[in-house]
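Paired with subunit B in one complex and with subunit C in the other, subunit A is shared by the two complexes that follow.
Coming up: the complex of A and B.
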């Protein structure tokens, strides 16, 4: 950005010193166009970052391969750094005990919830060691906090009677 | 993504645009009738109607807002910006007569936004324009708010089609509030849902398979 302004300044001075100050309006117009392109590009890239940030909250800390495929290397790096900042913030909550604020975004009503499986997801182990087979259309009664991420990812559906 | 985690940069309020707001970028794409007060050498190719090498002084053209704002200087050496007819005396009287009747979407979808930006060009009618914008907004607001709070689960296209983009945004927030309240009343507020990103991706995949 600094170089652009310096360049324009040089052009203006050169134009003046060569007696071509009549070119200045055209130079100014071209400068406006360059600034416009810069604004559009910056706004586009920034909007992408806002969406990528939302992914951490909506989807989880591991992005699906098809989304990562469409991200630039810098964006992947940015996501990694954002994840880290968020994680260290979460660890610092509750007097050093830590709190996962990406869970329970909607206030929970019960510890266990009824879920229906929307697609085959294989085996799923819960705390007491039991293994559940997540087959399409099967229904299960599972601890809420274990399911939250799978519901967000569209694997399970929360069944509310 | 219409979720609670994606917060796009909102448009600026009043005479200030937000640099990173996509809405403001679209707004500043709108064209204004302009008269050049100096010549622009070698830029004749921008003006399609003549084959001149330069744009002479006194040419009447339509330039987008972003270019007009960038070139405009108070001393009037470069451009003089004319008012689009929606902001002139004639239309202003129509608005004061009955603001609710006008189709603001047709009058340029960014009626309030563009009107606020036009104030940058030091027209002698500035204070009248500002008054007209304000009074029109006040006149229409009640109806927009009422309809957004009472149209539940129905096709709102008839209500929304005559609104300017600012009013549409207000209508949408009203609807969001109404829908959230209704879902809370039904006990659906505690139901966990899939991320809308996932849902949209699935829809797109199906569409690809079908074509």
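Coming up: the complex of A and C.
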């Protein structure tokens, strides 16, 4: 920003000194355009950051490779820092015991939910080692916390009957 | 082995386990599945539901899931073959089979460890006794033992011993041959006819009742399962009436709450009632006229494919005093004065026109102001959804899920879509029946009647599915029996073939037993098809759980038929 205003100051002075005051409007116009582009770019970058932040809540702390492919190195770094601060916040809750606030974003109605598989996802392993084969159009009745991630990713669909 | 205490030996066993449900694609299985799902939801039993449409599907599903699950529940599949041999499971896999297909394979009956049958034993099964079929092979060892003994005996004694031993051996071998011949005969008699037992949905409803977790929803599903058996002609009329009486007891038990309380139940609550209603398919969701034209009973009694039949129908309506304009309107918009005594009026007139059994015992449900359904409506709607041939919905599992959803009360829009499909299906069946009879497509081949639907027939795609084809067979046979003058032909069974897959060049062939009032619905075509296919080495696929429905290559059709004729003459 500083560079731009300095430049514009220089150009104006030069124009005035060289008797080319008729160039001053075009300089002003160009300057405004540059400022506008700058605003657009910053808005775009900010929006990307917001989306990357939302990714943490959707995908968890490890992003899939195809998503990371589209992020720049600085964004990856920013993501890492956001992850860290979220983790330290979560750890500080509950009098030092920690609480995972990325679970149960909507108040749960039951412990177990019925889910339907929307696409072939292959085998899905849960923490206690059990493996479930997620084939398209198969239905499963599973504990809620095991499915939340996949529901958010659109692989499973919560069935209410 | 048969499970005697379904709560202790089945439910409590799977209570803390994860279970795989393998469910066949018929309405009774869907209803049973719904009931079981509701029970599992109550008790937080984790499960995975996989629909299967044939033996290959079953094997694939088993292979995919055998690492993750120890307990498998099979609904309406698996009882009539040697399951252990087909699936080759590990020793710790346990199968709970609730299947209406009979006869139950003897290996399944007598296996004590891995196969548990959720089947009532008083369902006249006629299982041969253990000793008649299985025998320990001690004689074999004795014989070989004697042989080795002979070698070590000193040569002097050997001759005498030889004669005695040889005689005994010959005697034993003769007895063994006799026993084997008797065994073959017993097994042949046992496995010759295929029929169906008590509805799977009713079995699971009983489980729910024993656990006192039964709800009206489950009761309704059990009723739908039973009605499915009746509509698709799987059980005899006697059995249907007996089972209806059982269900009626449950219905009264659930209904006594309605009158007990001072404030009666809200109109939105589900009410199930016993109805002695008309045998007109979907009449409350269609117009009365359409329903009469497209229901099997009425259309075959009137012979509506003839001009005379149409005249008789008009006479019938006039006899009842029902104006044509009213009758052709949607049922819900008919005059109240007509609707009030409709059933009695129709019954009276039907008796005059020779239809003595226009009414049948069934059940209806009613929730909210608009929603009234008879059990038969639900069966037709769900069956139409299950076998829907719309382009986007050609995936079997997808249709299964849709049909399963339509059974829940919350998915009424799906149910209405199903009812529309069912109307189209009934219309198509009616038209096909009319054209077959008018163009004499039904040929008598000697021991059976035969009809082949050509490729260009309208709606022939609908009939590439087993349930729709069986319904068509049933209607066609009934219509034929009413239309033919040949006394002998009236007692013949019917085999029907329709193109199944045009690219692969296959046809689907279904056989049904002859039409009679006291029919015991026993179908011998399963074995007959197998033997005919073997003898002519036709390329057949016996994939369906009902052995009387097979897939056959179009080119092999004629030699297959010839083999069948020789076999059954």
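The rule is short, and it goes like this: the second predicted complex is superposed on the first by the 133 of 161 C-alpha atoms of A that agree within 3 Å, B and C clash if a C-alpha of one lies under 4 Å from a C-alpha of the other, contacts with A are read in each partner's own complex, and residues count from 1 in each chain.
Rule of thumb we're sticking to: contacts are C-beta pairs under 8 Å (C-beta built on N, C-alpha and C of every residue); 3 or more make two chains touch, one makes a residue touch a chain.
Just so we're clear, the structure is a prediction, and the values are computed from it rather than from any experiment.
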Partner chain in contact with A:116 - subunit B first, subunit C second, else both or neither: second
Contact breadth on subunit A, by residue count: subunit C or subunit B: B
Contacts of A:68 with subunit B and subunit C, given as first, second, both or neither: neither
First, second, both or neither for A:132, with subunit B first and subunit C second: second
Partner chain(s) touched by A:36 [first = subunit B, second = subunit C, both, neither]: first
First, second, both or neither for A:84, with subunit B first and subunit C second: neither
Contact residues common to both interfaces of subunit A (with subunit B and with subunit C): 160
Subunit A-touching residues of subunit B, taken from the complex the two chains share: 1, 3-9, 19-22, 25, 38-43, 66-67, 70-71, 78, 187-199, 201-202
Parts of subunit A lying in touch with subunit C, wherever the complex brings them together: 111-112, 114, 116, 130-133, 135-143, 160-161
Footprint of subunit A on subunit C - complex, ascending: 18, 37, 40-41, 44-51, 64-65, 67-68, 395, 397-398, 400-401, 405, 408, 410-411
Subunit A residues touching subunit B - in the complex, by the definition given at the top: 22-23, 25-26, 28-29, 31-33, 35-36, 39-40, 42-43, 46-47, 50-51, 53-59, 66-67, 105-109, 113, 144, 147-148, 151-154, 157-158, 160
